[in-house]
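In the two assemblies presented below, chain A is common to both, partnered first by chain B and then by chain C.
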Partner chain A sequence: MLGIEIQDDSSRAALSGQLVFSENLAFRQAASRMIASKRKQLVLDLLNLDFIDSAGLGMLLLLREEAMRNQQEVVLSNAQSQVKRMLEISRFETLFRLQS
Partner chain B sequence: MPGPGRSQAAQAPGASGSSITWDPEHTPELAALVELSVSSIIEAGLFARGLAASGAALCIVVRTSTAYRRPLAREIAVALKRRCDIGDETALIMETVLHEALMNAILHGNLGLNSEARQGFGMLDRFQSLIDHRLKLPQFSNKPLVIGATWTSRFIDLSVRDDGTGYSAKPRALPDESRASGRGLAIIQALAAAVSFKEGGRLIEMRIAR
Partner chain C sequence: MSSPAKDVESTVDKPPQRALSPEILAAPIVIADDQEINLKLIGAFLRQAGYHNLTFALDGEQALEAIAAKTPVLLILDIMMPNLSGLELTRMLKSDPSYADLPVLVQTGLSSAKDRIEIFEAGATDLVTKPINGPELISRVSTHVERRLLIKSLTEWRQRVRSELIAANKMQLELLPAGDLLAALKRDHGIDIASRFISSTEMGGDFWGVMKIGPDCVGVFIVDFTGHGILAALNTFRLHTLIQGMEQVPASPGEFLGALNARLKQLLPLGQFATMSCFYLYPEAGRMRWAAAGSPPPLLRDPAGGWTPLASAGVPLGVVAGTVYPTSEAPFPKGSLLFLYSDALTEAELPRGRLGEEGVLAVAQGIDMKGSMEDRLAGLIAPLKGREGSLDDDLTAIAIGNV
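Then we have the complex of A and B:
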């Protein structure tokens, strides 16, 4: 189950639970709101996200792609444990700004 | 119990002619799974195949539709963590590789879907529709998945076998870093101590260091 709490100005969202393929609709809806915010920097707070799979990583990449098209940047913040390891394996530090 | 899941369970490797033992006290999650299985056609059980004599083996046979809807990787990792007395980190690795292998087996194996359909946010809708459509068709939703685990003092060996058409399994490097799909096998290879593909790509075996 994926939890998404979006800040009022839609520039920041805190994810919790699992980001896996079956959550793609919820994630896409949140991503659309963030993109529509027109903010230059979009921050995903991953502190309470406890599991991500390859499809979840793919969704982060699709958000990045969409953001780049709109001259926006995606920042991944506070990844822990399994999520942190998955970002490392996939070398996401070359694609996103990562914040701890 | 009638139903396609049952007949497939009877054909599971190692299951025929072996005694089935079950220890619900130590595997409550899987016990719950079995209870559910009676109504939702999911088959689960321990079977004897060499190591099973010492209780060190597990085999679960599920229909594709059930595997798609249940958090099987987590349930199996939790059960194995308890049975094998392993740490949180190893359990998370098991859950991750099992989840990736299961999703590959479900989507690309038994449902016969191509991951190219996942390129682009807009295409996710179409991909989800294809999944939902195929899960409604018995020829796809009833296809079995066989999940196996054996363990020793050093390793846990996990396997997932699908009933798809197979594929040419080659060692994977991570895909183009910005590609939104195609990294599942590369993740498995990065986390597992060893990975092998058999039966024309329908069977994946993954060794996890304890």
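Then we have the complex of A and C:
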């Protein structure tokens, strides 16, 4: 299960649980809302995200692409354990701003 | 048995309630009743609605013959008939796998709840009470015929898709290195490879291969495309084509990944990518070079028995054009063992949670190094033993020894 809590003016969302293929639709809907906030910086708080698979990484890349098209930047913050490891192994620090 | 005259309630001149497709109207229907007048009446209702593939039977035995000859889509059945009663016939049909799915619409004069329950318990799909009301009969018949045809076409479609998937799966397996190629590598280069490919519920995006790169160099790679299912599987065919189409093998594993990345970036839709590790092995010289694009860390065992996870971080292929993949180098003397695996191994949900990279390393440190390369590989993926049928993702595991 993926939990998505959209915060502030929709430029920030806290994810919890698992970001995997089956959560595609829920994540995309949240991503659209974040993009629509028109804020320069979109923050995904990953503190309570326990697991991400390659499809989940793909969803982050889609968000990044959409954000770039709108001159927005995606920040991934507080990634823990497996999620942190997956971001490292895929060198996502070269693609996103990572924050702890 | 009620008298035929009493069975007639409505006239036959009511129009059909809805438009029925030619396929529905051509559906073979068997009607069984020992009263000829009832057969005529039901036949008239059905014909007026447009049904034209009707077969009539005057008792249960005739009905059985008609069913065998016509493979009907619906049976309309009277309960009280000589020779074989409607109830007996229904029970027989329901216990025969070839006819168990045939809908049985029972027409009955019996009206108590107990009688109705007995009819349904025998296996009837639905019932109409006598005297038969034409529009009601047509509505029920049309519903059952439509439903039956729909189920039939869905079943046929599913069977076709399944057989096509089996064929596609076989094609995908044929992309993997053949036994004679692996035997030649062992004979000519002392590279002994054991591999396992366990596909998950559907087709998947795993792929691996070997390449003869030079007189003293063998290439091995492992790839995992995002997601699974047909899309991911199609990408493995694309990649196979790209690699086959290379005019010459790039000079280093890093350049190999760089070249594939450039093509995959053009080919793959956004959000799809591949993780990959590529090794150039020099068994005579006892060394190897490798580059990786985000695959789970391969494990290297030195001849003294120490296991080391190899650096495998890298932006996956197909994400960013122009990504540079550095090439690393390590000793690979005789007695070394290299273990490559897809993330199905680290991500498999075991009773104690996911195995993770640490778990894979711990298992490797405990394996028995006696026996064949196949035995060692079996040890390396032992945590998945017995779970092969329930993996969420494809598993590819390859053990490569310099022997």
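Everything that follows uses one rule, which is that the second predicted complex is superposed on the first by the 99 of 100 C-alpha atoms of A that agree within 3 Å, B and C clash if a C-alpha of one lies under 4 Å from a C-alpha of the other, contacts with A are read in each partner's own complex, and residues count from 1 in each chain.
Just so it is clear, a residue touches a chain if its C-beta (ideal position, glycine included) is under 8 Å from a C-beta of that chain, and two chains touch if they have at least 3 such contacts.
What you see is a predicted model; the values in this text were computed from it and never measured.
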| item | value |
| --- | --- |
| Clash-or-fit label for the pair chain B, chain C on chain A | clash |
| Partner chain in contact with A:L95 - chain B first, chain C second, else both or neither | both |
| Touching partner for A:A36 - first (chain B), second (chain C), both, neither | neither |
| Dominant contact partner of chain A by residue count, chain C or chain B | B |
| Chain B versus chain C as contact partner of A:L47, first or second or both or neither | neither |
| Partner chain(s) touched by A:L61 [first = chain B, second = chain C, both, neither] | both |
| Chain B versus chain C as contact partner of A:L25, first or second or both or neither | first |
| Intersection of the chain A residues that touch chain B with those that touch chain C | 21, 51, 53-55, 57-59, 61-62, 65, 82, 89-91, 94-95 |
| Complex contact set, residues of chain A against chain C | 21, 51, 53-55, 57-59, 61-62, 65, 82, 85, 88-92, 94-95 |
| Chain A to chain B touching residues, read off their complex | 20-21, 24-25, 28, 31, 51, 53-55, 57-59, 61-66, 81-82, 86, 89-91, 94-95 |
| Chain C residues touching chain A - in the complex, by the definition given at the top | 224, 226-227, 270-273, 275, 294-297, 312-316, 319-320, 343, 347, 354, 356-357, 393 |
| Chain A-touching residues of chain B, taken from the complex the two chains share | 74, 92, 95-96, 99-100, 103, 118, 120-121, 124, 128, 174, 177-181, 183-184, 186-187, 190-191 |
